Amino acid sequence: MEALLDFWYAYSATLAFGLVNSLFALSMYSVLSAGILSFTTVVFAAVGGFAAAQMMGTFGLPLWLAVVIAGLLGGLASAIIAALFLKLETHWMALASLALILISRVVVLNTPSLTGGVMGMVVPVRASVLELAVLLAIVSLVFFRLHKSWYGLAIRAVREDAAAASTMGVSARQIQMIAFLISGVVGGLAGAAMATTLQYISADTFYLGVAFTMIASTVLGGSFFWFGPIVGAFVFTALPTITQAVLPEIQDIAKGVVLLVIMIYLPRGLIDPRARGLRKAARQRQQSALNGSDAVEARPGSSTAGHAHD
Amino acid sequence: MLSVSDLTASYGAIRAVRGISFTVASGSLSVILGSNGAGKSTTLRSIAGLHRPIGGSVMLDGSNIARLALHNVVRAGLALVPEGRMVVAPLTVEENLLLSRFSGRKGTGDTLARVFDLFPRLKERRTQPSGLLSGGEQQMLAIGRALMTEPRVLLLDEPSMGLAPSIVDVVFEAIVALNRQGQTILVVEQNAAIALSVCDYGYVIKRGEIVVEGTPQALRENPEVLEAYLG
Amino acid sequence: MNMLETSKRTLLSAVYMAVALGIAAPAHADPDAGEYRIGMISDDSGPIASAGQSYHQGADIAVAEINSKGLAGEGVTLALDIKDSGSDAARAVQAMTQFGSDRGILATTCCILSAIAAAVSPIAMSNEVPLVIYGATRASLPQEPYVTSVVALPGPQEVAMSERLAAELKPQKVAYFLSGDNDIFKARAMAMKEVIEKSGAATVAEISTLSADTDFTGPATQGIATDPDLIVVMTTQQPTVGIITALRQRGYEGTIVTSEVLSPPAIFKKSGETITGIPFALSFQPGVSDSEAAVAFIDAYKAQYNALPDVYAAQGYMAIQFIAQGLKTLSGKPTRQDLAKAMWGTSDIAVNPYGGQPMESGQARTPNTLIVNWTKDGEVKLWEKP
Amino acid sequence: MTLFLEQLVNGISLGSLYALFGIGFGLVFATLGVLNVAHGAYASWAAILGYFSVDYFGVPFPAAVAIGVLGGGLIAVTVDQIGFQPLRGRKTGMLGALITSIAFLIILDSLAGMATNHQSWAFPSSSFPSGMVDLGLIRIPEMQIIIIVATLVCGGGIYALIQKTGIGAAMRAVGWNAEAAALSGVNPRIVILLTAFLAGATSGLAGVLGGAATSNISYMLGEGLLLKGFAAVVVGGFDDVRGTVIAGILLGICEVFVAQYLSTTYRDGFTYVLLLTFLVARPRGLFGSRDFMRA
């Protein structure tokens, strides 16, 4: 029992970071599932993180209130950024979001009254693993409900083919705006969660490293279902801890190799709702082929199964 | 010259071509007819290396070119004018044509002159980015590009598609002219009337299989063909 | 024989007395024999790994010495449990949490970067595990009773050096290279500026650079253009070396003065000719420090790594010695709380290569100043006016 | 005046490194459609290989540069074949290759960190041209001249290669649509390998020359180049080498003067705001064409 408790304590930090990274990944997933590659989550998180730190540090607000405010401010930031970014073509949006991260770092460094500048900020409150888990559970519940809602259907349509979706009466722009807002709120929450887990934040906390981690987590876990990013975030967080225990020199390399292998052999990630559907469909086709029924003609140029998007 | 036997191809789990066999004689102009989705384009793409067949052989002058990569098929002497033309939009007309230097087949100044003779419009627009050409001009460029590789067999996929009738005539006149110069040609076409008016031999494909074949005369008189494609 | 040497002597004797007293007092108090684990969060990789590796190696030397000489008590051995943070705050926090909750870990030591030290300190406090900061130079990091720091806070050394330079060189025009994104180095430069200006020298340029910069041709050109007869370079390690190189390559021949970041042998190996003769101030330096403890440490380090220890290695060494000293005062099965109390109450680290290391409220106060420079042959000697 | 001119040359030289690095980065983005964040690692590795060949084998500086350039090119080809080739034809868009390039960034940087023991090294000043050239009014370090000339030669050469030669036409064709190019008998795989090599080699050249000029050879060398080179490519226009060169040099000049006359702390902010402005307001850059994006 004591050994179990020790184990829990030893890895509770990893668990906490897994929960925090899950929030980051879900924020990233929110826009990615609308067909947008954007790293602005990092900026939303910076807004939420520093805001939460100020709320608790300077104004002495309780944890949950600070977290809620962080989420709202993240959402506000996303509304502004989305208005600017949504008119950009996809490639440029991805690049612009990276540029925005670079800029926000400079801003953080040069506004010491808000962010502590180069010194960073110590956050006086620590969120427990349980509190983080509750936060993630609430956010997950929202994603779970969204997946089954009209919005979930619409967002899948937009991701597959924005033009086709618009003929169905779904405004791609509107859906992507909503996706950005969700991403902003979750990103703000993620920033607050990061601040209260690290208990110290600085310009480097919300920089390219976290951008790479969250996109890697999202794609690793699977970007076609909300549960994927959570799985990916936990795998990606736990991996260095595990490899450090086994072979400390290669912990980073192992991370890179896993990412590479997943991308090449499992490009849709670990959690892929369609993989199950496909296997089922394949069995049915085999069945019908045995029955000698006519195959449906396919036009050349239509995507093969491996290409199609959800 | 070109001999296809038992060619099978599929898209995903769907079998689009089911064991097709036929030959294209040297110097001939053959057509494959068929309705939308009959598998004729898949057949052509499988022969040309744009789509990988799952079975059968494609013999070009005695060597099997099935399963070669697209550029190697071109190097073996088989050039495709694909559906949708696929000209390289950012390149100028001339650059598109001269890309054939990488085919290992001559594509000399003579061939270029021949292409410009055949399609004077291309000569006029040689320095223009080909993305700015009209659909008909792009079709000419696509044919010119294929000719630049000095193919033993020229394959055309739906050359009439999406073109104004007057342009279709220009394109088919060029096809006939090329054939008269001794070029072996295989055309896949939905427009049976115009196809049968120019070819020496025809095949009709339905559900991935050849159902009728014969001279244009015989095909025109075939009641099934008459009803399905010429009616 | 200058003032400095004299004060060093005085200090040394004071330290020996303290050690003697320490041994004379409760002689029976040794902890139970056995192995005690100390968690070390290292910076073996990452942007400041060159310093990080020195701290780590110094700590290893201390463990070997403590174990062979029984410095932590009869039959008491220490073992280091290393987690590399790569100077990443998140990784350091994870490591600290793991150490804090691993009841086999009796004490921990961490951190070169002040920011990371600030991030892990609350975890040490809440987990009630002693944390000795070995590298971070921000003041006010120690927290009673768990967080202590053996870092010689910068300031006094530079002030002493500035006074001497101003007196001996009588510079007229002085240019300063500062760290735009490191407040500690900035403050150090400002302290020097105050002293130098007091001597009547004019400040002709204050040029700010960033820690991640690599191209210093612009700043160097700007600095040389003001025609200074003394240039103060007070930035983090990479920029310091880069600025000095750029200044020398552009033909600046006046005096440059900098900080202890120049002391690691690896820096001399990298850019030996360029940094020769440039004075810097510190508290420990092989070839200059000659106390018994310093010599023992230097010899052991040389035997182990075939290289001379730098001031960072000395601090890593001292962090472990500090823990061992605290441990030795306990008896029976020591708890983290007891150890923390013992360490917080320590007024002097007995085994130290500095020639004296008083502690005040968990913070090292290093009174000793050596003004040294690299010679052409790769040795560090006391600096003399050229 | 002397100060101004010297700072101008400093800026041009610094910007030349951004440009040289950006050429390959932009080439890979425009032709292969890959946003390759591992591009900086090629520069780091080239500098490290160059340094090792001087330190261990005592080769002369030009040979060290050649080794670095070759090494950068070969690493780029390896990364392309392992990381990007399997994704081609899968229509994963920009995302898939971005992820594998992140993977390679992690792997290559870690290996480079191990190889250099996580420390910064420098070519011994006797091993490379570290003197100054007196031009009368001003004196310029030899390395700056080498860097500027190398950038102009490489930029001009690659521009000519892409725009004026058959190989260049093949590269543009494969970049637009590999199948369309193959219809002319072009082997897309070879063209891709060539493009990747060229990109890695120019990145490597920037790495070795920059590493020598700044006396800083470390596994982190490429990171700074990557961010600034990225900015140069965007500002200049992705599909135009001339734009990259001009924009890179302009950025370098801006950085030096912003640092001197305003503040170092605003220097990077200035560059990145310029970058974002271009992305939002004029994504085709200063000189890029908007007519044809990658198919």
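Read from first to last, the chains carry the letters A, B, C and D; within each, the first residue is number 1.
Basically, a contact is a pair of C-beta atoms (placed from the backbone, for glycine too) under 8 Å apart; a residue touches a chain by one contact, two chains touch by 3 or more.
By chain, UniProt protein names: A = Amino acid/amide ABC transporter membrane protein 2 (HAAT family); B = Amino acid/amide ABC transporter ATP-binding protein 2 (HAAT family); D = Amino acid/amide ABC transporter membrane protein 1 (HAAT family).
Here the structure is a predicted model, which is why all the values come from computation and not from measurement.
A.B. asks: Check every other chain and keep only those touching both subunit C and subunit D; list them.
C.D. replies: Neighbours common to subunit C and subunit D are A.
A.B. asks: Determine which of the two chain pairs, A-D or B-D, is joined by the larger number of C-beta pairs in contact.
C.D. replies: Comparing A-D with B-D, the pair joined by more C-beta contacts is A-D.
A.B. asks: Considering only mean CA positions as chain centres, point out the chain farthest from subunit D.
C.D. replies: B
A.B. asks: Can you check how far apart subunit A and subunit D are, centre to centre, with Cα atoms defining each centre and the answer in Å?
C.D. replies: Chain centroid spacing, subunit A to subunit D, equals 30 Å.
A.B. asks: Report the inter-centroid distance (CA atoms only) between subunit B and subunit C in whole Å.
C.D. replies: The answer is 78 Å.
A.B. asks: Suppose each chain is reduced to the average of its Cα coordinates; what separation in Å results between subunit B and subunit D?
C.D. replies: The separation of the two C-alpha centroids amounts to 43 Å.
A.B. asks: Could you put a whole-Å number on the gap between the CA centroids of subunit A and subunit C?
C.D. replies: 41
A.B. asks: Could you tell me which residues belong to subunit C and also touch two or more other chains?
C.D. replies: 45, 181
A.B. asks: Touching two or more other chains, which residues of subunit B qualify?
C.D. replies: Answer for subunit B, listing residues that touch two or more other chains: there are none.
A.B. asks: Which residue numbers or ranges of subunit D touch two or more of the other chains?
C.D. replies: Each of 265, 268 in subunit D touches at least two other chains.
A.B. asks: Of all residues in subunit C, which touch subunit A in the complex?
C.D. replies: So the residues of subunit C in touch with subunit A come to 45, 82-84, 86, 88-91, 93-94, 96-98, 100-103, 114-116, 118-119, 122-123, 126, 181-183.
A.B. asks: Which residues of subunit A touch subunit D once you look at their complex with the stated criterion?
C.D. replies: Touching subunit D from subunit A are residues 32, 37, 84-85, 88-92, 94-96, 98-100, 102-103, 106-107, 109-110, 212, 215-216, 219, 249-250, 252-253, 255-257, 259-260, 263-264, 267, 303, 306-307.
A.B. asks: In the complex, go through subunit D and note every residue touching subunit A.
C.D. replies: On the subunit D side, the touching residues are 35, 37, 82-83, 86-87, 90-96, 98-100, 102-107, 109-111, 114, 227, 230-231, 234, 265-266, 268-269, 272-273, 275-276, 279-280, 283, 293.
A.B. asks: Please give the residue numbers of subunit B that touch subunit D in the complex, ascending.
C.D. replies: 50, 69-72, 74-75, 79-80, 82, 86-91, 95-96, 98-105, 129, 131, 145-146, 148-149
A.B. asks: For subunit C, which residues count as touching subunit D in their complex?
C.D. replies: Touching subunit D from subunit C are residues 44-47, 49-50, 52-53, 180-181, 207-210, 212-219, 221-222, 225, 238, 241-242, 245-246, 249-251, 266, 270-271, 273-274.
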